[in-house]
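Each of the next two complexes has subunit A plus one other chain: subunit B in the first, subunit C in the second.
Up next is the complex of A and B:
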């Protein structure tokens, strides 16, 4: 009995908390992806690379002496021009063409290659690690938890609530949902559809950039860092339902817990196959995802 | 006078626009064979091995790109994980060669393994369309790559080295996989064979069903065709093409590594197809050659070749949806079409008593 308690306390609990921190990270990346997918119907293959861009901007501005707390607000704002330009110059060009799913996917894939190379030209291919803004650990029920991970969990909750509030409770969010449901009808009712599209894409990238700032101190910064998150982020989007905010949150947190526990109970080697198995089962039996589409539910 | 059978009967296709484009593709493949023979002759005369091996690698990756094109160009399904079958072909071929050094046995084992894998993968991937298909193929390859990466019996992250050089018995001749010009010709022959079989199959009514699927899947089902079976057949065909191309890889390089299954390989194949020309079958082959040349030329100046390739790729998506071959082939097809009466007139001529 004592063994079980100490197992729960010293092995399982830290793993769950770590999984929760990772889950918040995944949710932040997946939120942007799912909003872009839900409204524009675009699989943004370069989303992971924009996450890396956010991390690198934070790194560079950190060298200039800007504080982490300022960057938390500044970097997402700096992502807006990237989002608007990408949507206006690239995605819009092929949006009404044939096979736009495939074309936009290919286009963002090409973009991801270019961004990755540009980052490695500018910053070099090596891994860099910004200093953790919150050092130390606190003791919770006899287990030491790094403060920064707890902070990450807290800020994740705040961001999720803010995004859900914007999408489901504001006029802006109503426009986005209307445009996702029926673009032409929304347009004829006075929703500035073109602006909504650019804005939504930029908003997705803002979230990616924010994830970059937040995760850089934990997972380090390197040009190909975006790749590590992309399979799990796509899985979260599919399982949660494309465009669904709550779907992304639930699926993101659940899947990372599955990962964390599988790593503990089975072996870290099998976490990816298990996550993928969930995605396959979901596509087979509930292709619309747990929560259905943005604007449709 | 007994009525003649309609000329659209299987095996005797009408010379319509599609067959003319195919014939233009065939002509470009003949050109490739001539160029390959010339290169092999030149290379062996100069005693070169580096460029011959590079050309062989281009042909092997051309096979992988061909496989992506069968799916993307004919069924409209984008596979982001075709490296899965390429890698399976390569690993099985390497394992077979290290146990029994026989070329044909290696090819047979590789195609058998690819067939089994494709049947399983196809059942999973063909439940979905569009972006979901792309993501599921991406995930499948990613997962198998991870498993291979962590399996000690398959060399884990290091892969397997020491694949022996074998003789390739071709009837009365013998070619060693160690001989650069000889193996270039073997790779060329296999590629042309894969091209010919794919082109033949895709020009039959089966191929037309696939093209119809791409245009309007629901209507194809209403016309009484099984869309699932057609898509599955295309998927397995594409996988076999990838697997057989992959089977040559360890013979060329003497090793296999999990990188062969990575997204970079799949992504490269997609780039090759788009730059070369989607749905042309010959486009991916020329695309692979072009990209290999580009990579080695740009690679001698800078290690950031991907930026050039990325820009070229995006430019193709935006401005050249038919790829480079799309610029060339319609002209060739028109020229070929002039050689015989246009189909409408031919039909008219037949209709006359």
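Up next is the complex of A and C:
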């Protein structure tokens, strides 16, 4: 009995908290990805690199002496021009052409390579690690939990609820959902579709940038950091349902929990194959994912 | 006045609208008739900004509409009720209606509330179902919603494509009643309709389209014009 309690206390609970903290960051990246897909029908292959851009901006501004708490607000705002420019200058050019999926996929893939190289040229290929803004641990029911990870979980919950509120409870959200379903009809009712498109793309990148700031102190910052992270985010989007907000939240938290708990019983090397296995099963038996697409009933 | 002059529209290589001229004055319902596939729907879509014309112009008063994006056309007072209703299934009835408020830029919150209240009064069934998702409505209710969300923006021009298609006679009568109200309120209505007899009962004038061109125009109350219309659209 005592063994079980100490297992729960010292092994299982911390791992669940770790999984939740990572899960929140994955959800933030996956939310951006799924909103962009749901609205623009574009698979943004460069989303992971924008997550890296967020982390590097935070790192650089941190060197200049800006506090982490300021960066938490500033970095997402600095992602807006990246989003607007990418949508207006690149995606919009090929959007109405034939084979939108293929051209936008290749375009954003090319962009991801350019961003990765640029980060490598500017910051060097080495791993950097900003200081953790919140140190120490708190004890809850006998379980010690790192304060920063609890903070990450808290901020994740707040952002998810804010996104859900905007999308499902405001007129702006109704405009986004309407444009996601039928852009011509939305336009004829007065929805400024072009503005909604670039705004939504920028919003997706803001979430990726925020995830970059939040995860930098835990997972370090390096030019290819987006590549590893985007794989799990894509898996989450596919399992949750392409273009589904709740799907991204549920699948994001569930899959990272599977990863975290599986690592307790098998070699961590196998956690990725398990997660991708879930994705393959999902594609075989429920290819539309767990939840419906943005704007669709 | 709504003026369409020398309008040409292509879908890829297909030349759908081949030089259409027409005009419609405030308080006038203009019927647009013709067989399937002659370009009536494309004409409305071109006016609404869904399709860019390859030549020609659409003007509302002094303002050019052709080449503008749909939201810009809507902001100039043109409402569109398309053939397949295009209700947003994942939005509630109320959200569908409130989106229509965006046509009328610069309205205050109070004006918006008044416009929505007016719509609720005019369409009590939609008011009852305001919390339901768009896709849970019957065909007739969806058509009412498609019209209501355009009317809430108080348009000067309403483009209506096949409003009676697949609906029960009682609902059709209600829709034509709304068209009469629009006319009485001074709006310009372009009405594409297969049910020519019903459409003529509300129309002031009509045009017949054949292979992307106007082949006949006339006054709706002229027996001579009606006879020629029936001959022109007889299959």
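What we mean here is this: the second predicted complex is superposed on the first by the 297 of 297 C-alpha atoms of A that agree within 3 Å, B and C clash if a C-alpha of one lies under 4 Å from a C-alpha of the other, contacts with A are read in each partner's own complex, and residues count from 1 in each chain.
Throughout what follows, contacts are C-beta pairs under 8 Å (C-beta built on N, C-alpha and C of every residue); 3 or more make two chains touch, one makes a residue touch a chain.
Everything numeric here is computed off the predicted structure, so don't read it as measured data.
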| item | value |
| --- | --- |
| Touching partner for A:169 - first (subunit B), second (subunit C), both, neither | neither |
| Partner chain(s) touched by A:116 [first = subunit B, second = subunit C, both, neither] | first |
| Chain touching more of subunit A, residue-wise (subunit B, subunit C) | B |
| Which superposed partner A:286 touches (first subunit B, second subunit C, both, neither) | neither |
| Touching partner for A:273 - first (subunit B), second (subunit C), both, neither | first |
| Touching partner for A:129 - first (subunit B), second (subunit C), both, neither | neither |
| Subunit A positions touched by subunit B in one structure and by subunit C in the second | none |
| Touching residues (chain side subunit A, partner subunit B) in the complex | 43, 90, 93-94, 97, 99, 101-103, 105-107, 109-111, 113-114, 116-118, 120-121, 227, 231, 234-235, 238, 269, 272-273, 276, 279-280, 283-284, 287 |
| Touching residues (chain side subunit A, partner subunit C) in the complex | 171, 174-175, 177-178, 181-182, 184-194, 292, 294-297 |
| Of subunit C, residues touching subunit A in the complex | 48-50, 69-71, 73-75, 79-80, 82, 86, 88-91, 95, 98-105, 133-135, 149-150, 153 |
| Contacting residues of subunit B [partner subunit A, same complex] | 72, 76, 78, 124, 127-128, 130-132, 134-136, 138-140, 142-143, 146-147, 150, 263, 267, 270-271, 274, 304, 306-307, 309-311, 313-314, 317-318, 321 |
